[in-house]
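The next block holds one structure in the form of structure tokens; read it before the comments.
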């Protein structure tokens, strides 16, 4: 297991991340928005949200990241300054792999990182391990999504940059993980710390408002990964501002 | 089963396909190049090959199509006039499908069609059927890849625009399907004709030179789907010219 | 494509099937009961149902088949005379395939046939094709499950002994396929006949009573494949008798 | 995470395991033989090997376990006294899961435990976690197979009874893991101890003779999981005797 040492770098308006051994590191605390395959998160609609996020991020001074569909990575990455993540990739190498998502292809398209093992795209343990390694080789960050404390601990042992715990009973629902199950976040943070202190925890389900974001940070996570909390809200800019304010730099 | 009637349209230099009910149809005979996840077929390298294909296609007057990685669809489609195909898509609808490839996302990125069930990305029969339907809804053409006569017949029953038969023993090898196994292509053409005359056959493995392309057409296919025959050749332009000449418009 | 010629054989009380080229053939019309992984269909409970089916089958003179879990094949096959089917198998050969279901292993355990591509265990088109071939080599019959007319036609092209069409909207529900959608069964029978007349059709969803069984036969199918219609009914013997009477030999 | 306390029990000739909370525990040191889907490990051939293992085990007083195909569990478990393991199971519950392997079905058939995530049947991390839990509910032991140190650590975090590390480069080969890569076993033992001291390590590839077995124990593992080392050897009884002698009770 290899640990990274983090050297903070004076950032300009456009670079919203640190560097370590040349690896982009998301600045934390962070709000990661996964646009999934929602109609509102596809193609030009996706770019529109990314633009709003960029604006809010710069104005308020809060770190924001958008996770987009593979076909949209290049367009979004070319047009906004916030980091763009892929929603998935396959742990393949250059070669005869028709139709799979090559780490190098999304990196060249502009991805700064990648979600692995999202509950909607569960992965084999071996492929997650290889995915973390392949992402590191391509200098992309990794967020492994997990569904409970045990899997969170296991994921941490694979040395990703982040794990995002998403208890399935809270996904897409109205209950906030931080109010309903504060213990889950706290226990996940503790389990990860014991197994791999270099991995950070994101709170990944049931985040609906600025209060939830604040609570998530207090519980020891370094930010939130959310989808419906933004994507299914009519006034996206307003909710993004509210959430960003919860982590703004003083 | 719905059959399309094909109305030929006077084409300008840039439009290399017919229209039917608004659907782009690859002009045949055709040479489809699958760049797979080869290093030489990723990102800028992919665009470079697409440019060469476009040039050869226009000069010689031969229909050519390139099948690219998801992350490269938009860049290639925006920069060349030959049709761009996706190497795979998932038969999903708008919604919570993190990390999967949405038909509408690749369509908006510029894809004219999609390969389904490539031997390196085999699909469930149900998903192929849904994929053909979803592609049609998104006005994209489909090529179902198959590995033998039985599966070719089955694929034809799912009403794709094309099937591409690739006997596994010939993939990536030095043997030409048309010389080694001419009967396979002829039988596939016959089987498809009986089951679904609206589906056309591509010859999908062991195509190495202009002679193979000519032979494939004589055997009743409407073109070739190839990868290593171009991608592993040093002088790609030369081999593309040779193959294009074999199907040039007189 | 190879067609079998069927020679009827005088059957004793225990042999409820014909022979063709040494292959056991389910006697039709037939009632196939899939016990799934229901608690009532596991282990001794499964054997109990098989015994009831055997008794009803012999008394009324109606062909009945039970599809059981892999771990229960041997026990059931050793204790009843009705044919036992596996619910799935993998199209593998002898070798290094830890944890997969080898055709030869279920054959030796006593399976007469196998379901392929059940909606709860969808298979890749290539694997279905290989599964049909491997089953034939092991002298087992095949039932490919399908979800609509197109997939039914495609399945027929793979030359199974039977296809069982199960429109997903009717699975497990209270609506009978024969009353709600008689056209589906009739069209499936027609599509299969055109593509592969040696394959027979089973009606596979929404069969609740003797009337449904009778109707299914009238529509051109050779029997029914059902699960909840028997497994979720309290008095299993009664419903089995009612259904058996609908196909009894006069 | 729940830790079990192990109470040793005076064993008779037939019971080759301890009990803890009613759970059968393989007596260690142990030799686990995976018969895969080898012809020599299918049906009656499998039973024959199990009989030899039982005899050697009783004579020499060495703990031995056989991992068999699903269709063979019941026959083998009914005819030998050594513990029988399944080669795989699916983390499903009773219900509509046609064709999958239900924990309760293999338990009732006689399985004492189950391999999970064998390199030939890789599993999603979520399913491994659920598999461990479902096995525990059904009072079966679990061996999670892993391919390197990182995945071994991750597997330990899921609290199986055992992990078996099988570096892919050594599977089926002639090199012994203990001589070629002793560090791997030692590091795996250390990683597991740190993350979950209740989980034990098996050495899972490249075990060819008694010397390898002895070495594996010295390196901190509690036994070996092997396949070709026995299955591809002509005189199986001889090699089993040699390996058993290496762990015999003094």
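Think of it as A, B, C and D in the order they're written, each chain with its own count starting at 1.
The rule we apply is simple: contacts are C-beta pairs under 8 Å (C-beta built on N, C-alpha and C of every residue); 3 or more make two chains touch, one makes a residue touch a chain.
Keep in mind that this is a model prediction, so the values were computed, not measured.
Between the contact lists of subunit A and subunit C, the overlap consists of B, D.
Farthest chain from subunit C, judged by C-alpha centroids: A. Between subunit B and subunit C the centroid-to-centroid distance comes to 38 Å (mean Cα coordinates, whole Å).
Centre-to-centre separation between subunit B and subunit D, using Cα means, comes to 47 Å.
Looking at subunit A, residues 119 sit in touch with two or more other chains. Taken as a graph of touching chains, this assembly is arranged as a ring, one closed cycle with exactly two partners per chain.
Taken together, the chains touch in the following pairs: A-B, A-D, B-C, C-D. Chain contact summary for the complex, subunit C toward subunit B: residues 1, 117, 119, 122-129, 147-148, 150-151, 153-159, 191, 195. Chain contact summary for the complex, subunit B toward subunit A: residues 34, 36-39, 42-44, 67, 69-75, 86-88, 92, 94-102, 104-106, 108-109, 115, 118-121, 172, 227.
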